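Everything on this sheet refers to the single structure shown next.
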Amino acid sequence: MSAKTAAESRDGVCFSLDAETRVKLERVGSANVANVLLGHGFRNIMMPGLKPLNGSQRQLVGPAYTLRFIPAREDIDSMGDYSRDDNLHRIAIEQCPSGAVLVVDAFGCLGGASMGDMMAARLVHRGVAGAVTDGGFRDIDAIAQTGLPCYQREAAPAATPIRMHPIALNEPIGCAGVAVYPGDVLVGDGDGVAVIPRELVTEVAEAALAAVEYEQFAAREIARGRSILGLFPATPESRVEYDEWVAAGRPEQH
Amino acid sequence: MSAKTAAESRDGVCFSLDAETRVKLERVGSANVANVLLGHGFRNIMMPGLKPLNGSQRQLVGPAYTLRFIPAREDIDSMGDYSRDDNLHRIAIEQCPSGAVLVVDAFGCLGGASMGDMMAARLVHRGVAGAVTDGGFRDIDAIAQTGLPCYQREAAPAATPIRMHPIALNEPIGCAGVAVYPGDVLVGDGDGVAVIPRELVTEVAEAALAAVEYEQFAAREIARGRSILGLFPATPESRVEYDEWVAAGRPEQH
Amino acid sequence: MSAKTAAESRDGVCFSLDAETRVKLERVGSANVANVLLGHGFRNIMMPGLKPLNGSQRQLVGPAYTLRFIPAREDIDSMGDYSRDDNLHRIAIEQCPSGAVLVVDAFGCLGGASMGDMMAARLVHRGVAGAVTDGGFRDIDAIAQTGLPCYQREAAPAATPIRMHPIALNEPIGCAGVAVYPGDVLVGDGDGVAVIPRELVTEVAEAALAAVEYEQFAAREIARGRSILGLFPATPESRVEYDEWVAAGRPEQH
Amino acid sequence: MSAKTAAESRDGVCFSLDAETRVKLERVGSANVANVLLGHGFRNIMMPGLKPLNGSQRQLVGPAYTLRFIPAREDIDSMGDYSRDDNLHRIAIEQCPSGAVLVVDAFGCLGGASMGDMMAARLVHRGVAGAVTDGGFRDIDAIAQTGLPCYQREAAPAATPIRMHPIALNEPIGCAGVAVYPGDVLVGDGDGVAVIPRELVTEVAEAALAAVEYEQFAAREIARGRSILGLFPATPESRVEYDEWVAAGRPEQH
Amino acid sequence: MSAKTAAESRDGVCFSLDAETRVKLERVGSANVANVLLGHGFRNIMMPGLKPLNGSQRQLVGPAYTLRFIPAREDIDSMGDYSRDDNLHRIAIEQCPSGAVLVVDAFGCLGGASMGDMMAARLVHRGVAGAVTDGGFRDIDAIAQTGLPCYQREAAPAATPIRMHPIALNEPIGCAGVAVYPGDVLVGDGDGVAVIPRELVTEVAEAALAAVEYEQFAAREIARGRSILGLFPATPESRVEYDEWVAAGRPEQH
Amino acid sequence: MSAKTAAESRDGVCFSLDAETRVKLERVGSANVANVLLGHGFRNIMMPGLKPLNGSQRQLVGPAYTLRFIPAREDIDSMGDYSRDDNLHRIAIEQCPSGAVLVVDAFGCLGGASMGDMMAARLVHRGVAGAVTDGGFRDIDAIAQTGLPCYQREAAPAATPIRMHPIALNEPIGCAGVAVYPGDVLVGDGDGVAVIPRELVTEVAEAALAAVEYEQFAAREIARGRSILGLFPATPESRVEYDEWVAAGRPEQH
């Protein structure tokens, strides 16, 4: 990690993701990731109830930079306090590393916004890969126009300090009932968001992509009229066929 | 039913739908169907909370072929078991008749997928008319691309055997709190899915289409500035007007 | 209010909105409105859980004309009763003033429709600005085609009298847990619907637009690479910059 | 109704209940009432989710005196406003007739209290028969000690004006999704609260008590070892047996 | 199983439970059972959200006899139909074996009753060990008086055929999201209901009781002031101590 | 704080509560506390949805010692890990100061237990004042027998490490949507749990007790037949009466 900038490594956490793995993860579904992780014994890595801001946003891929909120208290949280430069919510926007994903533990709160369009614009400028909250965002039409891949439960337009107080950066958090340790890698598509433990990311990306490539073979066979029995999920026999097809250069017809 | 193929009739259930009735049902709204059935005394035939996979899928019409799940148990359900050729989930995909709709009693479970993209592709190839679950599907972006009309609560990307065990085909089931007997005919649009008891399908299709045609007359009148009072819902007087308009060849102006 | 038509003022309530204020409110987000109202001490003016019928409908702006439902009772509510010309649901459709928004207290009920496509068509013809319910509508595909801005929890296609009885027009109501007094002004976008107390509408429109214009400045600065610290939320210093930029004619570069 | 006091009749609504009918309704279950009303075509007369304050409170019986809340607004609702003598919440406590039940449409709100212990004490002193809300009460330990039969969703201890504004007395309301017209008669036990349309109360009390008396016969037979088949629900034959048993003076043995 | 009566074995399912195992299971908590089953790899065997009818009912222990409901349909389900002797709901009450537990898949429905007091009285007379539903019961005050251990979500007093149709006996079912195969053994206390796969019941009872007995030792140590560290959960060292204590005759002091 | 033991002060947080204030808080309702705090501008200090374990437990009073959980992950959380002496869940049980309340941020999780009976027994022995979780406990019958005042959403009997991982002690947390800073003082009764910011505890205890004492006067007046108007909430005039009554030695009659 010799060439990493300061922004890419904080508190001993590595927020970088090698380009090859990122490319692989951009090609796989969150459900493929979930299947591979199930093979490793992980049963709770998809965030239930989180939906993309709109149907056309691109795939979410990146390591998690976390922000934890607790409920607001009227003597501590106000619009005035919110404007201070040491407000952790705003610091998170300035410090989330390029290529990382801002992951917000909003304790499921929809009474205040986890982010608005100005913050999203700043994340886009800074090269952040996306934002995920188990609460919601405000200005969602404008955020959608930035193209930043975002996941939320539903829109939460009220001012953040009405209900939420930012309390910590880069602690392990829960988001939508799933554990997120800083540096874990998130993959999001229409199905939602999967969390890959950081130690396993290279291995999982490899295996998920292999599953996707087999599915391309299976889809082609299905289109030709073949039953899913003996084809999907793969059998030893169908894997041999797949390998032959790959060896033959993945021809359209065979 | 002499000319039915084996696939169209199982366990004494008729899964065919005559072309004329199908065409009618493709022109009516699920809400029109609900209204007609209310006139027959049925108050609980729309499946609450089920939404189309996306806004552009075509109308869902077809007889119900049912699949019932119960919760999974770790000693019975595994990815290995899932791959077996006698797994009822996979058999349902292979046996749901052409023109029918696969209706899944997932006991509302979002912890596992009621179907994925490979299964959806196979249904499309086999000419199945759509799929409905009171749980959710995985790979929903890919399923949406197949064009198969699908209804779910929300995406459920986790592997099926984590939480769900297929236990029976073509039993009467509940789906989203509505009774579905095999062979009942489903009609789905943006409002959701209506279930027509199989004995009533011809009659209901006829009456729902008549309502839609009257609504075309009413819409034209409303566009010309007429009040809904005395026009919608129809009165005896407005029905006379409608009949005259129909007799006149449904002119744009009169 | 000398030139108001009867339809624009009922029961002493003014349902008109001056054109200048309307134009301002069409340019601001509901979240901007919420922020301004928070400054006035209002913490509960966004209707949680209400979503636009589709993503492409135009901004909702207009004074509230209210309709209150209570649960139906079988001896009072029937399709026959529903067709009567003194049915308050239908009268609301005929009397909601041009430029106003029909706001429905459906006590959160999804078991019957708060409105269907024929009613929506009539509202469009009459120049009504939109419809909001804390229940749902039926025929939502057809309503979406009318272009009428509509907000609901989710589709509710069953016939209204199965579960809902219209009991009063233009009473103060609750809608989705927010107080709505007739004449209050609603502003709706992708984030949902905000309610502005009628006495404050001119003032709030002014302040919300000012916030939007500052955000245009801030967005431009963010696009140029500036941190949100010291820029958003605005500081006294950044406001000076903004004023200078405005005085300079809002140049693209400075 | 010649001898009624002013308090017993308001706005043309009769809040009295003859002693004989009251005694009958104190002996029947809310589920018996529901069954009789189902025979009259009423399917939605039990308030789902409302529970007695504690297990030992006595049966709730009495005509409904209604109070409707809407959500609070910060410029209208405050502790100061709450103390005013024209606050409708407090007036309801003073005017709810003796023998009647205070029924509160709290729009399901748990963010403020529908009643506290001082109000409950006053209701007890005034001879009010009970209180029902689709929100909740505060000081529930103290209310329970007064013995006043009360039903709520769950405790709601926050100050009323934080979230609730009393807007009207003795309008038809919805409470927990059930229509309540002033003067309708409520019957509550451990199963919850049933609402009897006022026109039917004598008839329903009679029929429900008859059902309870038959059940006493059936219970005795069951205790002696008889199957419920042919016994419960009653058959023509078992009704003859019952009549004979009644004619014989309801002997312990026969 | 030579001496079993017909009532104790149906469709090849054994509904008996040997007296020794039953006694053990009456002494353990459902949470102890859950812990033991977790050691066998079972993570989903407690039924979430089901509560005992009251706090004083005795421990529930017995093999599952299942009843599956689907939603009612107005042309099939009526009070008249309900009274027929071939109604499966009523047959279940007559055929559920002595010592077994009636487990109802009510598809979570609270709109109709899974059982009432007459049915409960009959179960008591027939020696049935309890009743469990993922819906609710009616006449719960009266059922509580019978002493039959019962678990439900909440009271559901409406007549069964309004919303529920009994469709099958002794099929594998889901109840509150947990798989129940006929003959599985249920254990219920204040924490809720645990389901033991029938093959494991002897083994689980043994291990759960061993855990309870160790807890008695641990409770005694804790009462004497010892830390839970090194004591609970048990360590190899603390198990030696426990064994010595048992060998010494479980003295009050040592 | 010179005489405090190590256990009473951790990380600079004071967990002691002077005896006089504790006695006052044992005499007031959580709703009284909420009212006083509303006067200080606090609107969100009651924990919604948390209920006492049973109706007979004593009042909960004490400073908060916090434990934060995040969701479990299969590679980190196991029964083996759970038994380690550095498990923070178990350390919390050993270190929560005497007189304090263990407050658990369980992120609302009911899939694992926030505490069981052995842990509760240890807390009792150590003089801890109670336990509060926004999840649930296991072995609740046994915990109830210890007499420890406990609040939860509902029972959660599954083993903790199935779903929960203890991540930190004495951080500021959210519990049931309310902010809890270590040292804040909790007051719980049948209405639920109120949180008093630690700086305000003396003042709030004083004012809440004053309110309770006035209510004793008001209750006496109500019992004598007086209206709540002019009496409750207190007016300047009624406060004079109250003061006179206090000055007269709070006589039964006056």
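Labels for the chains are A, B, C, D, E and F, by order of writing; each one numbers its residues from 1.
By definition in this document, a residue touches a chain if its C-beta (ideal position, glycine included) is under 8 Å from a C-beta of that chain, and two chains touch if they have at least 3 such contacts.
Chain-to-protein mapping (UniProt): A, B, C, D, E, F = Putative 4-hydroxy-4-methyl-2-oxoglutarate aldolase.
In this text the structure is predicted, and so the values were computed from the model without any measurement.
S.K.: Fewest touch steps from chain C to chain F?
M.R.: Minimal hop count between chain C and chain F: 2.
S.K.: What chain lies farthest away from chain C once each centre is taken as the mean of the Cα atoms?
M.R.: E
S.K.: So, comparing C-alpha centroids, which chain is the farthest one from chain F?
M.R.: Result for max centroid distance from chain F is chain B.
S.K.: Suppose you list every residue number at the chain E-chain F interface; are over half of them used by both chains (same) or under half (different)?
M.R.: Chain E vs chain F: different; shared/all numbers falls short of half.
S.K.: Identify which chain pair among C-D, D-E or A-F reproduces the interface of A-C, meaning that over half of its contact pairs, matched by residue number, are the same.
M.R.: It is D-E that reproduces the contact pattern of A-C.
S.K.: Taking the mean of the CA coordinates per chain, how far is chain B from chain C in Å?
M.R.: About 33 Å separates the centre of chain B from that of chain C.
S.K.: From the mean C-alpha coordinate of chain B to that of chain E, what's the distance rounded to whole Å?
M.R.: 37
S.K.: On a C-alpha centroid basis, what's the spacing between chain B and chain F, in Å?
M.R.: Distance between chain centres, rounded to whole Å: 51 Å.
S.K.: So which stretches of chain D touch two or more other chains?
M.R.: Answer for chain D, listing residues that touch two or more other chains: 43.
S.K.: How is the touch graph of the chains shaped: line, ring, star, complete or other?
M.R.: Its topology fits none of the listed shapes; call it other.
S.K.: Touching pairs of chains, all of them, please.
M.R.: A-B, A-C, A-F, B-C, B-E, C-D, D-E, D-F, E-F
S.K.: Which positions of chain C touch chain D when the two form their complex?
M.R.: Going through chain C, the ones touching chain D are 40-44, 69-76, 107-109, 163, 165, 167-168, 171-174, 177-179, 197.
S.K.: Hey, which residues of chain F end up touching chain E in the complex?
M.R.: My answer: residues 54, 79, 82-83, 85, 90, 93-94, 110-111, 113, 116-119, 121-122, 125, 138-142, 144, 154-155, 157-159, 162.
S.K.: Mind listing the chain F positions that touch chain D in their complex?
M.R.: 29-31, 34-35, 38-39, 43, 46, 48-49, 51, 55, 189-192, 194, 215, 218-219, 222-223, 225, 227-230, 232-233, 235
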